[in-house]
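Here is the structure we will look at.
Labels A, B, C and D are assigned to the chains in the order they are written; within every chain, residues are numbered from 1.
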Amino acid sequence: MSYIGNILGGIKTLLTGMKVTGGYFFPSIIGRKYIITRQYPDEPAIVMDRFKGEVVMWHNDNNEHRCTGCQACEIACPNGTIEIIWDRVLNEETGKKVKQIDKHIYHLGMCTMCNLCIQACPTNAIMWSTNFHNSTYDRSKLTKVLNRPGSKLMAGVEE
Amino acid sequence: MSTMILTQTNYFADLIHYLSDGLGWGFGGQILGYIIIALIYMTFFAVAGLLLVYLERRVAGFFQLRLGPNRVGPWGLLQTIADALKLLTKELTGTERKENLLYHTAYFIVIIASLLALSAIPFSGGIVAFDINIGVFFISAISSVGVLSILFGGWGSNNKYSLLGGMRSGLQMISYELSSGLAILTIILMAGTLSMTGIVEQQRDMIFLLKGHIPALIAFVIFVIAGTAESNRTPFDLPEGEAELGAGYHSEYSGMGFAWFFLAEFINMFIISAVAVTLFFGGWLAPFGITDGLGAQWAWGLLWFFIKVFLMIFLFMWFRWTFPRLRIDQLLTLEWKYLLPIGLLNIVLMAILVYFKLVF
Amino acid sequence: MEQVTLNTADLKSQEYFLNMGPQHPATHGVLRLILTMDGEVVKNIEPDLGYIHRSIEKQCEYEGYKQIIHLTDRMDYLSAHINNEAVALAIEQALEIEVPERVKYIRTIMGELTRIASHLLWWGVMGMDVGALTTFMYAFRDREMINDIMEETCGARLTMSYSTPGGVMFDLHPNFHKRVKEFIPHLRSVIPKYHELLSGNVIFQKRMKGVGKLSYEDAISHGTSGPVARGSGVHSDRRIIQPYSALDKADFKEIIYNEGDNLARYMVRMDEMLESLNIIEQLIDNIPDDGIQAKTKALIKLPKGEFLQRVETARGDLGVYIVSDGKKNPYRVKFRSPGFSNLNALIQIGKNHLIADVVAIMSTLDFVVPDIDR
Amino acid sequence: MTNESLQEILKSFPDLQFSEEASQFLNIIVPKEQYIDVLNKLKDEGFDYLFSMTGMDWGNELGVTLHLERTEDRFMIVVKTMLEDRENPELPTLEKIWKTAHLHEREIFDLFGINFKGHSVMKRLLLSEDWEGYPMRKDWMDETKMIIR
């Protein structure tokens, strides 16, 4: 008798399984109830505001940034993603030579989004952007210069 | 059981008759007729194959909370055509030390076997290319030829995964051919004929599934299980066994070589469903005869036939997207310890019922 | 006429090698197994690793202590947060820092969420490995909710780098409580469905029951840990033995099954998900508010000595062993990864099984290949 | 079990050095001649769980650090052994005592070049067969493969 019991029990479990998939299928095909697909280019992607997409440098309307060139981010970075090319420039008002960044180079291709550079930055010059459209056909395009051409240090950041 | 004399028209036969005798083209006309019918079937093969692939992906999508292909064409209908074009233009790669003859004949065999089996299926009253009086027998014989292609492909690829897949397939076919044969025989006992058209005509008052009491029901269950196994679909997709064997017997095929296997797999599923519909659900006949009085009976027949086949196919798809795969020894246990004894018992039961005229 | 008889002794059967991986759907990554096969039966298994070996231990010798953490994300990427936590705890233990209570709660909740996410992914892939393809999407739907929670607070979905020595990177997002409270009842409602779909299925039961037996003694001798060891009846949950972070504030039980087969390991993980929900449920409302960062120096130097921190990741017992010589870089870091020892068990229990069973066993051992290779 | 009771048990091995300095656990430094005997003894004392096996390069010596645990009471000790011979370091295998040593020893052989005598498959595990040198040693240097800032 257990022979027939086995068969019937087995068929019952199979039908239970089919009930679960069917329970998802029919509401999905009729009312699209359980569909979880987001059709990405048509519907916008949901990106959380803290999403670590890439490091950017904040600039104000006068093309000024807050980076003093202290290199804290460069030291904090575990894998050499950030390179800062800097120079000492004579400040005409005070007459002192002041460190000024020439290029803040960011290798996005090497970045692991560990947040250490942003944590290390004393002047909040760099921050995360939620941009995730980063794919390119050429790796060299992933090397970015964060400070805009001709940008200057914002006044009052040094203090 | 009374034997029914088939008086129905056969549109394909009429066509050949018209071309050879009606137009007076003689033998040439006959050949032309054959070519036209062959072209119709090949077009059907391609279209149905592509449509089924689309349907499978779409249904799978909804089972898995996705949408499935919906970008190319309206509702993504042209997706599989785009895929087929891609496969056509793909480079044919394969292993270097393959067994050339076997490797390349494999996919021809699979197409030929499916096309031959397709030819004996009555799509509607009078729409059957090859209406022979041993139709069921012919289909079950031809569809087991298809396994040769899998064996050839598995062996010829010179790949261990392909070989394992091919051998599994051989094992599976040989085993489950028995059960599906027994299930078919059970129905043949009721119908008293091997002709597909004859079997359908027998079900005019009531479909066999309901007519044959419990034995027919059991035969149906056995046939569905064996049919799933024969069309190599989950839970019996061991020859492909994605997680185990990569792609199984068609690992080493690319481009169209792969596409033929892929299409034939879906056509085989169609054939199994069509046979199931013919044997158990009354083929092209309208349920309870609701469209009997209307005109253009052949068109209504086609409609009902395809609706029923679609429902069967949907059942197979439902299986596929629900069940896990069996192991090779469990596959054999299921066949030899469960399906075969039950099938044998069932056929005896049916014979008794038929002998004492207990089926109505 | 000559009588031709077939003597079976003359038929030669030959063992052959089957190269499973590095590119194979069942190895979940780039694990390569060299199988000695007799027909479909696996006679011997020899793992060949290193396809994703990045020498994280060597890299750590050249990194500062804060910088190690982001490397551990990339080991067992499915329990990334727990790995981060392990390193952070090891450093805190060495520096003898007392971290704020809030940090402990956050770490524990995040860790349990990570564990659930990992187990969900495992469940989906488990189904795929035995041929039930739909499980994958169902599991991913639920896992997505956790990923969203992670993204919202940590800024990344998988490689969070959320813990730092002495605290966590960011405070919890205001939506965090809401989302977690939505997630808990959702998962509680779908897990019975999962059991109906897969666990109860007769085919699945037949595939799992009695396959891949790992005895109690072997489980210990092979150094297995986590759900693999608990499936063989070994009490090995570090969360119970040595509660770290806020785990001592929660009341939960260790899931133990004694059968030691595939089904036992499967059930351990399924039950563990519910148990993790229990932990989260107990902690989520009681998160104290006392800051997210203990005071640490910008450049961390560990005192001379050796420090071992063991935590329970989704895969088992992760040991972070730091040898310091007092400089800003560690002298030696060893990650004792659970997957590495669990792989050792596969060599034994996979033998004399069919190839399909080996795939199922690998699935229940739940390998993450970067965790094995490091 | 306590550190003292364990030291009592291991009295029969007079060459062992015990220390609890700068570590959470009792450290036992074993001369390599007694390595296998001491570990056999420890296994008999109930240390059935080989938690981890770490290859070490102490600058002059190579070594192996074992973390052993008793599943019974979760008591953990650290066993260390030093090998002066950097050219041809050899140790007996622990495969027979703890099965988990199988892979751990292969890893150590691969990265530190310590040869475990009697091991069933003493081949490279992670690196390719034709790799030269042992990269986890402190003196291993590769200009092209390592960038040190």
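Keep this in mind: contacts are C-beta pairs under 8 Å (C-beta built on N, C-alpha and C of every residue); 3 or more make two chains touch, one makes a residue touch a chain.
Note that this is a predicted model, so its numbers are computed, not measured.
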item: Pair of chains joined by more contacts [C-beta pairs], B-C or A-B; value: B-C
item: Interchain centroid distance [CA atoms averaged], subunit A/subunit B, Å; value: 52
item: Interchain centroid distance [CA atoms averaged], subunit B/subunit C, Å; value: 44
item: Averaged-CA centre spacing for the pair subunit D and subunit B, given as whole angstrom; value: 63
item: Between subunit D and subunit A, distance of the C-alpha-averaged centres to the nearest whole Å; value: 42
item: In subunit C, residues with contacts to at least two other chains; value: 134, 138, 141, 197-198, 201, 203
item: Residues of subunit B engaged with two or more neighbouring chains; value: 63, 65-66, 321-323
item: For subunit D, residues that touch 2 or more chains besides their own; value: 149
item: Pairwise chain contacts under the document criterion; value: A-B, A-C, B-C, C-D
item: In the complex, subunit B residues that touch subunit C; value: 60, 63-66, 160-161, 164, 234-235, 237-238, 241-246, 320-330
item: In the complex with subunit B, residue positions of subunit A that touch it; value: 7, 14, 17-18, 20-22, 24-25, 28-29, 34-37, 39
item: Subunit D residues within the subunit C interface of the complex; value: 21-25, 27, 48-52, 54, 56-57, 65, 67, 71, 74, 78, 98-100, 102-104, 107, 121, 125-128, 135-136, 148-149
item: Contacting residues of subunit A [partner subunit C, same complex]; value: 9-10, 13-14, 16-17, 19-21, 24, 36, 46, 48, 50-52, 76-78, 112-116, 119-120, 128
item: Residue ranges of subunit C in contact with subunit A within the complex; value: 63-64, 66-67, 69-71, 73-74, 134, 138, 141, 144, 148, 151-156, 159, 161, 164, 169-170, 173, 193, 196-198, 200-203, 205, 298
